[in-house]
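Look for subunit A in each of the two complexes below; its partner is subunit B in the first and subunit C in the second.
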Partner chain A sequence: MSSKVTERALNLIKSMPRVALNNIKPLPHTAFKKKTDRRGDRKKKGRGDKGQGARGTWDPLGYEGGQNPLIDTSPRERYYAQYAVRRQYPPVTLLELQRLIDLNRVNTSRPVDITSICNTGLFNFDISKNHFGVNLTDEGCDQFVAKINAEVQWTSELVIAAIEKNGGTITTRYYDPSCLAALYDPLAFFKKGQPIPKCKLPPQDALLYYSDPNSRGYLADPEKILEAREKLAQKYGYKLPDLEGDPVKEMLLMRKDPLQIFYGLEPGWIVNLRDKCVLKPKDEDYLKYYHSAH
Partner chain B sequence: MVLIPLCATKPVISAAKYERSLLIRNHHKAANNKISLCRLLSIRQHSTSPSTSQDELNHNDLIKDYEISHEEFKYVEQVLASPTVPELKEHTQYPTPSGWFPPNESLQAQQKYLIRRTKNHMLPVYSQTHTTWYGTTHYVSIKKIEGDIWALEADLREHVLKITGQKFVNTQVHEVGRFIRVRGQHRDLIANFLLEKGM
Partner chain C sequence: MLLVFNYPIERLGYRTDPILKLESVVSVLCIVENLLGLCAKNYKSHVSLDKLYPNSNPDFLRKTNEVPKSSSLEQFEGYIPIDQLEIATSKSSGPGGQHVNKVNSKVEMRFHLKSADWIPAWIKPKLLEQEHGRVTKDGFFVVRSDMTRKQMLNQADCLNKLRNMIYKASELPREPTTEEMELKEKRIAKAKAGVLKEKRSRSLIKQNRSSPQF
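And then the complex of A and B:
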């Protein structure tokens, strides 16, 4: 159907070389016209008369004519490597915790964990800012008198001593961000209708801390923790209260499973807030997933 | 990867759907790479990603075998936050270990003014920092004032001058908003003064 003209044009295109970088050139009107008449610039090249400017011998950058330059006199901040991906633990002091207990904001007849601190509504944690829980700091360690079962994400030796001196116990526990989202605001999490997540194991660089009996890590050997308690009592010179004869021994020794994030609730269960019940799936594969660390 | 039972709550993604979503994600990735390549070569490109509306949940994949427990809901209730600030408990002696004590009503009755505690049982005294191009200014604001606000301002002024030894102190009184602002870093000084007055 094609006419002869079309056929000829197609044949022409077929015979012509393909358009490539080696055979294209700019359009004629876009070509830069070279300036040939530069009579005025023949002597000084637009750089003025004499001096550093004409000869290109300027001072180095930052040189201030011999006086101590700003870069040497002002203090510098060392490069904080990988600050954006480091784990952050916002501090809560022992004094603040004691104030919460005094004003009945935290119930000491139950274990005190990140959820009970967040439920006061007085502290803000944000997963998007790499907050990995609470760092219990030693400010007010002399005023601290409460007997609690504390579970925090980071702490120091002095805090451990202050709590154990009063007959309490403390554990350091790692939670991964998706678990922390549930722990920061349990109501918002249960409203989603998702199964309770299983907690991941700590990352490589935190594994040592969370399996160390001196930091009361949750992965440490319980017998070694008992030894470490006595050692710490000797170091700070206090008498360790007897755990065996304690009336609230059961509460003080309550611990979560490494995969568990709420007391009494297992990973994989689903909470129905409307009917006020808990749903426990029975599927084998499902249970295998939620009861294994990997 | 397994499936979650159907209940009153929203069902979560199934294994089949999860795999499909992975496929779609990879497809999107490939499509994005394609688009950027086309941009480089300035070739017009039409979207080729499949519509997600075809991606329906297969109800046969859901686990229907689950146990319902009403007993274990008490553990959920233990975890949920109280909607209100809990009531104070009686202490044998004041101040408490953390240094808190309740307002003294007999002392309060002697004053011309009253400052109510916040819902958290603390004094409504706040330090503020205001930074502008000419420098940083510090304020202390005292809120929830009832009664003679000017008498309180005179007392505060006198107390701050006496303790710090300054020649003058700048204050602002907001009669309608019922608050006072004092210039300077005097939060603890002012708070202790108010506690002595029984607030």
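And then the complex of A and C:
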């Protein structure tokens, strides 16, 4: 039934003439030009008699005839300076993470990232409020005993020490808002039928943090991360566990590519939940786009 | 090189009320996990780590034989073997309510100084002299800390203190540099010149009290 409609439409278009200047309408605002009222354009130009009005010597805005203006009566307090631009990372404590693991709300046999934490239903963030992900804080660092591969957006040195002490790994990773929307609720995102977005690189003021091995940034040099791990172990007084024969080692080393947002899924793919398949682009331009950072 | 560490200030946590887990999300994840068999395990973009750092080994969990051989050390490098220290925890003192009363946040570290092979031998007598109050009758060197309310931070503080003590004991008396000697000479000369100036001015004052002689 839909094919008949499309057939008819195509036939109609075939019979129509080509688009040319003589068969298209002009844009609404160019249809006519408003005639200006030129009644006041003679002697006084609509400015009246004498005074500041005519001479254009108005006092500056806020001036109160020499009295201290209202704007100067109180000092400047820049609490909310650049509030719309500053990134926020709502906190999740190590204690809370341990609790989630103990209550089996989070699967530790797979990497724990922001999606795992959001899927528990206990953690919500709002992209419209400039929330850019999870900040793992150090409360409960003494009680943390889980061995996990954690991926968060912001953390501190003590948290990194607490996780590595137990044989786990932690990475700090940047996600741009459109990717975060997909990560927050993957089910809803897959239902939209949109291709998985590629993650943008962090903005300039965040690039340093995410390239720093001390903060275990995802763009940092792995050799330097090795050194940083040893240094931290010496600082906080624990021995780095030997993971040589550990079956979990592969899971602990699992990392997403800087442009990838889901483990095992490439950007550009469409996950079709209804037909239970994955649609992958074949076109060279698409592939080039989804493999480059620009 | 004196290693001095700064560590973060402890912060209060954040609590939420428990909400029921979504069943639908679990089922979707199961489907996605099944699909992972079809999915790329080796997706590498233009900014993947192997392209950014082509000479780096991505396995940063591998074991490295970094332990420096201690007795042949001429200088203390800062490395402390944690497994050779006896670490004990206990309750901290000071304010903090129920938390400080119940939680073992105080850390005590001890090791036998004479048999510690990770400290160069020439530093030990000086360390013993400077920190004699920390050494027990049995020869155990003790370091304690209950500075913060977190055991990890207190342990780090103990290690920091220990390192600083060893570094201080390993300071050698050094001869002054040419610059320092020049500075000293300059200062002495200036002081001397000041004294002479004062003497001359005093002398003039005294001379001016008497009548001039023609």
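By definition in this document, the second predicted complex is superposed on the first by the 214 of 294 C-alpha atoms of A that agree within 3 Å, B and C clash if a C-alpha of one lies under 4 Å from a C-alpha of the other, contacts with A are read in each partner's own complex, and residues count from 1 in each chain.
The rule is simple: contacts are C-beta pairs under 8 Å (C-beta built on N, C-alpha and C of every residue); 3 or more make two chains touch, one makes a residue touch a chain.
None of these values were measured; they are calculated from a predicted model.
Undergrad: Give one of first, second, both or neither to describe whether A:D285 is in contact with subunit B, with subunit C, with both, or with none.
TA: first
Undergrad: In the overlaid three-chain picture, which partner chain does A:V145 touch, first (subunit B) or second (subunit C), both, or neither?
TA: In the superposed model, A:V145 contacts subunit B only, not subunit C.
Undergrad: Contact-wise, after the overlay, does A:L187 reach subunit B, subunit C, both or neither (first, second, both, neither)?
TA: In the superposed model, A:L187 contacts both subunit B and subunit C.
Undergrad: Looking at A:V271 after the superposition, I want to know if it touches subunit B, subunit C, both of them or none. Which is it: first, second, both, neither?
TA: both
Undergrad: Touching A:L201, do we find subunit B (first), subunit C (second), both, or neither?
TA: second
Undergrad: Report for A:V248: first if it touches subunit B alone, second if subunit C alone, otherwise both or neither.
TA: So A:V248 meets neither subunit B nor subunit C here.
Undergrad: In the superposed model, does subunit B or subunit C contact more residues of subunit A?
TA: C
Undergrad: Once the structures are superposed on A, label A:Q234 by its partner contacts, choosing first (subunit B), second (subunit C), both or neither.
TA: After superposition on chain A, A:Q234 lies in contact with subunit C alone.
Undergrad: After lining up the shared chain so the two structures overlap, which partner does A:Q98 touch, if you call subunit B first and subunit C second: first, second, both or neither?
TA: first
Undergrad: Considering only the touch criterion stated at the top, classify A:L122 as touching first (subunit B), second (subunit C), both, or neither.
TA: both
Undergrad: Hey, what residues of subunit A end up touching subunit B and subunit C alike?
TA: 95, 105, 119-122, 140, 186-187, 190, 262-265, 269, 271, 273, 276-278
Undergrad: Name, in rising order, each residue of subunit B that touches subunit A in their complex.
TA: Residue positions touching the partner: 1-5, 7-10, 12, 63, 65-70, 72-76, 78-82, 85-89, 91, 96-100, 120-121.
Undergrad: How about subunit C: which of its residues touch subunit A in the complex?
TA: Within the complex, subunit C contacts subunit A at residues 5, 7-8, 10-16, 18-22, 24-26, 28-29, 31-32, 34-36, 38-41, 43-49, 52-53, 56-64, 66, 78-80, 82-83, 85, 87, 103, 105, 109, 150-153, 155-156, 158-160.
Undergrad: Quick one: which bits of subunit A touch subunit B in the complex? Just the residue numbers, please.
TA: 95, 98-99, 101-105, 110, 115, 118-122, 140, 143-146, 186-187, 190, 192-195, 262-265, 269-283, 285-286, 289
Undergrad: Write out the stretch or stretches of subunit A touching subunit C in their complex.
TA: Checking each residue of subunit A against subunit C gives 90-93, 95-96, 105, 119-123, 137-142, 156-158, 161-162, 165, 169, 186-187, 190, 198, 201, 219, 221-223, 225-226, 229-230, 233-239, 242-244, 249, 252-253, 255, 257-260, 262-266, 269, 271, 273, 276-278, 290-293.
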